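One chain, chain A, appears in both complexes that follow, with chain B as partner in the first and chain C in the second.
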Partner chain A sequence: MTVAVKDLSQDRQKQMIASHYARLSRAGQEGRKVVYTFVPGNLTELLNNLGLLPVLPEINALQSGMRGKTGEYIQVAEKAGHSEDVCTYVKADIGMLKSGNLGPTGEPLPRPDLLLLSYTGCFTFLKWFELLKREYDCPVVMLHVPYQGDGQITPAMRKYVSDQLRDVVIPALETLAGRKVDYDLLSEQLALSARAEEDLVWVLESAKHRPSPIDAYFGGVYYIGPIFTSFRGTTDAVEYYQLLRQEIQQRMDQGLGPVTPEGTLSQEKFRIVVEGPPNWTSFREFWRMFYGEGAVVVASSYTKVGGLYDRGFRHDPTQPLDTLADYCMGCYTNLNLPDRINLLEKYIHDYSADGFLINSVKSCNSFSAGQLLILRELEKRTGRSGGFIESDLVDPRYFSAANIKNRLESYFQMVDAKRARA
Partner chain B sequence: MSLETLESAPATGALAELVAHATRLYEDLELKGVRDWKAQDPSRRAIGFLPVYVPREVIHAANALPVGIMGGGDQIEIVRGDSYFQSYICHLPRSVIELAVSGRLAALDGLVFPSICDVIRNLSGMFKVLLPDRWVHYLDLPQNFDRESGGRFYRHEMATIAKGVSALTGVEVTNERLSASISLYNENRRALAQLQQMRVASPWQVPATEYYLLLRASYVLPPQEHTDLIRRYMQLSAASGRVEQDNIRVMVRGAFCEQPPLGLLRTLERAGCYLVDDDLVLGARFIPQPIAQDGDPWQALVDAFLYHTLPTASKYDVQASKEADLVQSVKEVRADGVLLMAPSFCDPALLDQPMLAHALEKAGIPFTSFKYAEDTGQFQVIREQAGTFADAIKLWGTT
Partner chain C sequence: MDCFVGIDLGSTTTKAVIVDADGRIVGRGITNSRSNYDIAARVARFEAFTNARFDMLGQALRAEPGLGQSSAAFLGALTSGYRHECFLGQLQRLEDHCRRDVDGARYQDDRRAVGHALEVILQSVRQDAAKIYSGGAAARSDFFRDMAGASYTEHAAQLARAGGPAFDRLIGLFDRNIIPVENEQETRTFSQLLMAALDRVVQSSALQRDAVAGVLLRVAEAEMREVSAVGTGYGRVRLPFPKENIRSEILCHGLGAHLMFPGTRTVLDIGGQDTKAIQIDQAGVVTSFQMNDRCAAGCGRYLGYIADEMNIGLHELGPLALGARRRIKINSTCTVFAGAEFRDRLAAGQAREDIVAGLHRAIILRAMSLLARSGGIRNEFTFTGGVGRNMAAVKALGEVAQENYGQLQMNIAPDSIYTGAIGAATFALRGATNSVASN
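After this line comes the complex of A and B, so read on.
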């Protein structure tokens, strides 16, 4: 390991996020309207086009998790009658709301003027906003995004989503904003989205290089930050990804491994593909269990939840509504199970992975239901070792460090042994 | 311990025979009845469907039998199903997988998985992997209830199902055939509505277990046969001389997908609760009123889904009216209280529960909540809870 040094791109992202939260904190004074929405299927270009400010409850929950707040928030929600069985993102959000709704800057987040329910790849979203509707008593706009049950986006599906955008979502957003969508500007925004997506894909695919200059899971969640949240379609995002790409290129040229919290990983021992979201309450500890063993995640499905770009999709500025529809329907958790298996299999081959690992989180049935079949199928198809660990998104009660570490160590030994036999 | 623990008198004579027939259908996890039905005509096909709702008329009009797959209940041992799911996933998909991998679903030529939650959604993909030769379709029911967008999309979804089933049967779903199927299912709706009225008026004549078995029968019988079964049951039960017990009247909410075992329903009655309304086997009465029979039958099915389906947790609550709907239903069936009983790890039901509980509290309607699984085998705790709930209402009119 070498000493950890912050890259310019990290600083840039930090500034971008800080400026977003500053805008949110001034929203009331400046009369700006606030829209709560979700990461998968987000319509950031439209919101920005109309001067609306997005707040993403999953991001609030995961940030609360990283700050060690969610244990308390979840208990607040459970005391208010929310079941111990259900999504902890929801309970962390409800608990945060009932505890003053303090954001990561320590200031209260503004209340929503509208809940934009982009129902993409997760049934819980629907219930989540039904619950928030009761808490905030504000309008909800539903965008039903059909699931790729048969592994494809049909013209009828595309029309259904784009019709809803045109007839339901955009009119509601325009009413809230008090102005019309500027379609010329929207095209420009979508062109910017595509540019940033191009660079993001380059960054993620840099992990095909040996040694991988990035960790596509633990590092990857930082790389996806701007484009998955409130910056897609902005020059900020374009510049961030250009900067990130340059830095990764430099790392690759110098033969460096990925950056970790303890510096650059000096020896890449294992190349792993990971399926499933990370744990946020013990994120650093979880990450250390990997880089401590010399394991680098070369591809992950979680970095595709807010948009799947490495199969060629880019936002198309010439077809604004259809392209937003395709974006929504193409998010990872909106793929059917056979397609998810195919994608992971492709990652294992394309990224020359030694094995794959599933982090199965209790909270997220959208990811988790069926993962044991994914495990079997991938082992059968690739012959690589599969590992399975269980944790949760933001409930610290479900992160058993000793147990997970033990399993990971055994798993890496298994990969090693299998590699030695090959 | 409840003050009164009497359940309705057991059925006797012809009524007992009818109930025994319904019980055999319920216990027929091998789908022998479906195989027999298919054997009568080689062109017949059977299409399984998962909870909650599919437009059975479309499947029927293609000359196939819609067969509801409600899991294995407490009747099968899960040998392989558990190895497909983590401990925090509900029980239903385990037993459905068990039924599939053990060959018990071999009589089904295809399966439809309606959108209800992420588990059933992903289960559709698992079936595509596990049974690659079987026709498997994920039915994306619209959550947009506008006729021009959600309605058009739903019509397309139904056409996809019609095409898929017709490819198996060789029978095209014409407007005439679809209208005829709607007519048969409308008769069934009328019969089920009458049965529900009878239950509300005199619940001692329609014990919960018998009502439930009749509903389950609708998932394996052709519609006309099931309609006849209900009507005969009503005649026999009305003449059976069963007498009213000192039970409270309760409504059940939360049991629309994974079903409780029969023993649990029996336990509730023994604890002093008449079930006067519930959401068990909800798909059988999701559209409670007859569907329009004049005009375009496809559009009639669309409109019935968009405008006349019951509220439930898997359906987006556009008007934010689920609380008012619940309170209104309690009044309509004159329920003394509500049992919020949901399967463990059921996201839709459990995420809904705080909203329903709040509404009941606000309206001053007594309620209690508990969880179950389809294979729950110990009922003592639930009996104590339901019994205490019933006693409190009998004694004080509230909990």
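After this line comes the complex of A and C, so read on.
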């Protein structure tokens, strides 16, 4: 490994995020309205169009997890009556709220003026906002998003969602903002979204190269940061992804492997596809268990929770409401099981993976339901080795490092033994 | 002889296996893992080499014209004598530690009484050991800590009841001083121990010492060259081996099961703190596996805990459960809750053997869920790990497996506890062979 050097894109992302939190901390003084919403199916372009500021509770929870705060937040939430099996993002958020709602900069996050539930594919989201509504005494606007039970988005489904956008969501947001949506601006924003999406897809697909210049899971979660949060449809996002693309292109030209916290990975021994969210409380330790064995994640489903751009979807500036409807219905967890299996199978083939791993998080049903079936089916279809580990999103009690390391070592040795026989 | 060693550092026991250049198992050693993996690995390895030398001795003695048919009986007596010598060596070291302790400040008020009691107790422990090693009594365990501990506790309690020092004073003495004893090694060489054992056998038989001493010494001093070693199990990172000589226990168990039963396709291993369901192909290569992850409920330790609660030896649990007359359903497999579950059912008037059988079935049902996760049971099905020694667990597994997957060939090797170490030793042999080939 070589010494870790911060890339320009990383600095750029840091500045963007810092400026967003600075805006949030000034929201009260400047009289700006704040909307809490979730990553899957987020309507960032609409919020920005109306000058509303988004706060994403699950991002707060995962950042709290990375800062080592969630253990204590979860206990606070449990003390307040939330049971052990509830999604730990919810408990971390409730605990944070009850502990002063301090954001990553140490300043309190503004209270929401509205809760925008624009993705109902995760039932927990619904309950989560029900809880927040009680805490903040503010309105909730809900966009009901149909599940892709038959593996496709039909015109009727699209109309159902875009009608809700036009008749319910947009009027509520306009009332809050005190102004109307500027549709010319919205088209421009959506065009910017599509440009950033194009570059993001290029970056994610660079992992098809050998050696992969990126880790599409541990590195991937950083790459999706701007576009999954409050920057989609902005020039900031477009510039960030251009910069990132240039850097990755350079790595590829130089034949370099992915960046890790301990420098560039010098030898790619395993190419792995990962299904399921990562663990955030021991994120670095978890990552080290991979790069320590020379394992690179070449594709992951988690980096598609905020949009499956690599299947061709781009925000379409000519059809603003329909395209937002398609986006909301197109998140990874809104796919049915056969479609998830097809997607992962395609990743295994397209990215020449040696195997695939499932990190199963019991408290996240959107992901975990059906994962063993996925495992079996993928093993059968691809003949590659499947691995299964269990951890949690942000509850440090459910990350048993010794056991997970043991499991992963066994898994990589199994892949090796199987490869040697092939 | 060229030797290839596999060491499996488990949470409860540490196992070592030696194979020769043909892959034949020539030695097995086992010890309790204690809190010190380094010592456990050293002791298990020493035991395996000892076992291998006894194996060689057996061959040499059978070839001895003077011994003929009595060679097996002689070897048996010699083995017991050897074990007896090792036991007495450890007991002596225990006594030395205890004496130093008694001389310290802790016993300044009752030094004479405790010192005297210690002498009486250890004398009784020696007599108990003599009975066990002469075949006159059964041991609850093969480990010094357990054997000496059981005997010591019994005699300390008797003395305390008869007006001697308080039981707590005496048992505290044992508990403090057994730890350093377990972490020390025998100072005598194999040859010295063997000659001492021979003296014991000669005393009790008409055998001429000189007639066999030469054969014994020749084997005892024969060269056994350790060519390479592979480590596996929970404590494997503690082994001073290069990374390529450390293998996951999944791979070792898969290969070990394949070597013992070549038709194996599914392996279930229930160890002290984990349960593994492994699928292997026709060459013993692992194709998928599942292990308990977030919780260790239903592992071997569960049975150990129940045995402790009932104040019986772990190996007594299975026979007790086999005497069950009624099937009792127990759902919880949480190790900590097991004690409460047991007492609650006793209070409800249920029979001990029925409850214990229910507990066995509960852990098997938990293992079945893991097997289902790994892809089910395919024929042949091999059961390994410490719990494979428990006949009640084996019976429950056979029943449940048949209920769910129909008629199956279920394999259980008498030495299934060594499965991981056998796999590791074979990896050591293959690794050495491959590196010779590539050079």
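In this text, the second predicted complex is superposed on the first by the 421 of 422 C-alpha atoms of A that agree within 3 Å, B and C clash if a C-alpha of one lies under 4 Å from a C-alpha of the other, contacts with A are read in each partner's own complex, and residues count from 1 in each chain.
Methods note: a residue touches a chain if its C-beta (ideal position, glycine included) is under 8 Å from a C-beta of that chain, and two chains touch if they have at least 3 such contacts.
All values derive from a computational prediction rather than experimental measurement.
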Given the touch rule stated above, what does A:Glu390 touch, chain B (first), chain C (second), both, or neither?
-> both
First (chain B), second (chain C), both or neither touched by A:Tyr21 | neither
Which partner does A:Lys418 reach: the first (chain B), the second (chain C), both, or neither?
-> second
Which of chain B and chain C A:Ser410 touches, first, second, both or neither = second
Quick one: name whichever of chain B and chain C touches more residues of chain A.
-> B
Quick one: classify A:Asp150 as touching chain B (first), chain C (second), both or neither.
-> first
Now for A:Tyr136: first (chain B), second (chain C), both, or neither, which partner does it touch?
-> neither
Should A:Lys362 be classified as contacting the first partner (chain B), the second (chain C), both, or neither?
-> both
Does the superposition put A:Tyr119 against chain B (first), chain C (second), both, or neither?
-> first
With the two structures laid over each other on chain A, which partner does A:Phe283 touch: chain B (first), chain C (second), both, or neither?
-> neither
Shared contact residues on chain A - chain B and chain C | 362, 372, 390
What does chain A use to touch chain B in their complex?
-> 80-83, 85-87, 90, 119, 122-124, 126-128, 130-131, 133-134, 140, 142, 144, 146-147, 149-150, 156-157, 159-160, 163-164, 167-168, 336-341, 360, 362, 365-366, 368-373, 377, 390
For the chain B and chain A complex, residues of the former touching the latter | 83-86, 88-89, 93, 113, 115-119, 121-126, 128-130, 137-140, 142-144, 146, 148-150, 152-153, 156, 313-314, 316-318, 320, 322, 342, 344-348, 350-355, 357-358, 371
The answer for chain C against chain A in the complex is residues 234, 247-251, 274, 281, 283, 285-291, 293-294, 373, 375
Chain A to chain C touching residues, read off their complex | 362, 372, 376, 379, 385-386, 388-391, 398, 400, 402-404, 406-407, 409-410, 413-414, 417-418, 421
